[in-house]
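In order of appearance the chains are A, B, C and D, and numbering begins at 1 in each one.
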Amino acid sequence: MAHYKELKREAYEANIALPAKGLINLTFGNASAVDRKRGVFAIKPSGVGYDDLRPEDMVIVDFEGERVEGKLNPSSDTPTHRRLLTAYPQIGGVVHTHSSHATAFAQAGRAIPIFGTTHADYFNGDVPVTRKMTPQEISTAYEWETGNVIVECIGNIDPLDLPGVLVNRHAPFTWGVSVAKAVEVAVAVECIAQMAIMSLQLAPSLPQIETELLTKHFQRKHGPNAYYGQKPPPT
Amino acid sequence: MAHYKELKREAYEANIALPAKGLINLTFGNASAVDRKRGVFAIKPSGVGYDDLRPEDMVIVDFEGERVEGKLNPSSDTPTHRRLLTAYPQIGGVVHTHSSHATAFAQAGRAIPIFGTTHADYFNGDVPVTRKMTPQEISTAYEWETGNVIVECIGNIDPLDLPGVLVNRHAPFTWGVSVAKAVEVAVAVECIAQMAIMSLQLAPSLPQIETELLTKHFQRKHGPNAYYGQKPPPT
Amino acid sequence: MAHYKELKREAYEANIALPAKGLINLTFGNASAVDRKRGVFAIKPSGVGYDDLRPEDMVIVDFEGERVEGKLNPSSDTPTHRRLLTAYPQIGGVVHTHSSHATAFAQAGRAIPIFGTTHADYFNGDVPVTRKMTPQEISTAYEWETGNVIVECIGNIDPLDLPGVLVNRHAPFTWGVSVAKAVEVAVAVECIAQMAIMSLQLAPSLPQIETELLTKHFQRKHGPNAYYGQKPPPT
Amino acid sequence: MAHYKELKREAYEANIALPAKGLINLTFGNASAVDRKRGVFAIKPSGVGYDDLRPEDMVIVDFEGERVEGKLNPSSDTPTHRRLLTAYPQIGGVVHTHSSHATAFAQAGRAIPIFGTTHADYFNGDVPVTRKMTPQEISTAYEWETGNVIVECIGNIDPLDLPGVLVNRHAPFTWGVSVAKAVEVAVAVECIAQMAIMSLQLAPSLPQIETELLTKHFQRKHGPNAYYGQKPPPT
């Protein structure tokens, strides 16, 4: 249907950006973009290679998880996206990757410690790692429960102030006011994970960045006094 | 002969994918594709650079190791491919690379430990490393014996459930229902080796992934209840 | 105005070289080029993606920090550039990146130790790291004070003999007789940081390069007896 | 002169291959090709960027070190090339890079230990590191003396059986029957250095490869019984 064309284009652009930016091997990842008015989101079809992907292949799914348009199966991670998109009306898209350095932290069950200003431009503290999922969560509605442990990890924080987490033993999920912003955060998460692992190699007991510097950098880009960029950022 | 044209094309595509995907430097690798009906396989010629390779350069070899078609010498690793292709009628191709991170594990004589879901999407446990070859195995039919230690390492497992191993002191070999699938596994093996080495750096005593999560992810892509992708996968 | 066209072009070329050379992700960096006669410099606009950047987008700023030409906001790091450009009349441009390996050292608060001739071709010793900034420096004129700690770190050395430093918890800044030279130093700093972290892994107590070899290589490219290249270098 | 055209082309192709294969940043490296009949070699001009390099820029130098043709200064490393080319009539070219992983070993003063078959395809043992140069060697004919410590390190071995060494605190030099072969060895040295540093991370006390396997692989490509490739290799 023609009225999903723009939404599919938006989701498509985000999905193909993931391998282009070096965040994805094979089909290890996916992106979704939401249309709040229509109560649907567009997401990558499951297991389709990025080289073959076309905008019209995006699958339209509603907030109950029903496929509204498209012939292909949506990503097997669709319930995780749906859990996040319904929990947080302020976000416009979700990105999931298995980017190497961030996934190394996730596998190790460690948060990405906040060591410098690169990190503080995007996060107000460590990139947290969720608790491990229980055998019951894994054996029942696994992908939906994956969303639940993310929501539990975010807690009372505004998700736009904590735009990504690592799922334990799994990999990062990120989000933002738009799916394009979620892609940007996914790039930042991989970048700061790479820097953090090397800083830990150089200084195994390195404490986190000093509070004043963290706050300064985070507020350069977030909140009422933000002064980075060409206009106040949307958050 | 014209009736090998498709087989050569299939083997050629797999071979040139290896440097394109960053798995191979110089001529450190090769791929073979089998035609079970005709009892032959197509394989890369020995020592020919990937830039110069053409589909018609692929060498056709039968299951006794005789060159059936082609003027060039087949890969020096041909007996290893032949050993695997004859041992396992369910596989359609074999890939050998010296991809950096996987080879680092092989050289160290260590299996790639299964730390996360990326790994569990392809393997039901560690990517094993073979025992070391004996001086006698090395000094006689070296490449054939390389195949033998791989077969010994696989044991009674269905090779489609264990689609790759590391040869001790050497490098990875992978396989699948098709040579294209074997290339995909080779990409996955390098990717999970890179993540594993970093997870070990972050958590030197990291235990393997919890059984429930491992089983869940492996079965998302394998077996009768697989639900990843657009149709039940062939295995 | 047409008389800034060349200056904008020079700054633009330096800015787009940064992602092209792998020194920058997202918008983590910027470059400025100075016109001493007119008392102005051209710098990247804040938060504009490199893909979208055009030469005419460069912002012209004078030495008091006033925007002389351009509709976009200049980089939020403009006061740091201005501090360096006004402190050192012998430099023609400044580059700031968050290149991964150099930033890993900056985050860890460690200088990049001088271990080999690659490093000695550009620096006469370690690439120093500044002291940490005080809460007061951070909360007031943060970006200007960032320039101040760099100036304090350089001390009485000719900045052309010490063409870059790491800002603690932040990332590298480099400079040179031209902004093109500052880009070259930024590449060198990332390269030697990568080598240094690996040399430290291989030899954790590695002492710095021997004085004679350091002096020999530094003087091949610097000073009255330089003999590298096609003519005596400008410094 | 037209009769150097082919030689210049050969040297040019080798030089531009170095950044194309990721072995060189900036102008950190050079390649030379020899014409034994005319008693000259072609080498990169000093400090000229690879993007700007043209075949006709190659400088022709004779075995006494005199420039025979060309207006540009030859590489500052020319005496090192000349030392090796005159010491070893069996080699056809020399390559020098500062490739990252190999240089990390050189800076640390460590040989690259031979851990696997990738390494054994090119070297019959560790890639050795020279002794450190003396202050006197450094302060006099530095680049010529660099060649001397390489020659001292090779000792009585046929340089075609030991096609590269690491100069202590500096970086790798490689050679071969042709400059194209020297480029190939330079790629191999970087590749095995990268694997070795990771194998050491996985197994800090890893012993070298077993003798039988080393000999087998080295002799697959070298000596009278070589069977790799399409014909007996030239060595």
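Quick note on the criterion: contacts are C-beta pairs under 8 Å (C-beta built on N, C-alpha and C of every residue); 3 or more make two chains touch, one makes a residue touch a chain.
By chain, with names taken from UniProt: A, B, C, D = L-ribulose-5-phosphate 4-epimerase.
Because the structure is a prediction, the values reported are computed rather than measured.
Novice: Which chains are in contact with both subunit B and subunit D?
Specialist: Correct list: empty, since no chain touches both.
Novice: Between copies subunit C and subunit D, are the contact residues mostly the same numbers or mostly different, with half as the line?
Specialist: Comparing the two copies, subunit C and subunit D contact each other through largely different residue numbers, since under half are shared.
Novice: So subunit A and subunit B are the same sequence; what rotation in degrees superposes their CA atoms, nearest 5?
Specialist: 90
Novice: Work out the mean Cα position per chain and let me know which chain is farthest from subunit B.
Specialist: C
Novice: Can you compute the centre-to-centre distance for subunit A and subunit C, using the mean CA position of each chain? Integer Å is fine.
Specialist: Centres of subunit A and subunit C (C-alpha means) sit 32 Å apart.
Novice: If you average the CA atoms of subunit A and of subunit D, how far apart do the two points sit, in angstrom?
Specialist: Once rounded, the distance between the two centres reads 46 Å.
Novice: Show the residues in subunit B shared as contacts by 2 or more other chains, in ascending order.
Specialist: 201, in rising order.
Novice: Which residues, counting only subunit A, touch subunit C once they are in their complex?
Specialist: 115-118, 121, 184, 187-188, 191, 194-196, 198-199, 201-203, 206, 209-210, 212-213, 216, 220, 227-230
Novice: In their complex, what parts of subunit D are in touch with subunit C?
Specialist: Residue list for subunit D touching subunit C: 25-26, 28, 45-48, 72-73, 76, 98, 100-101, 103-110, 132-133, 135, 138-139, 142, 169-171, 197, 200-201.
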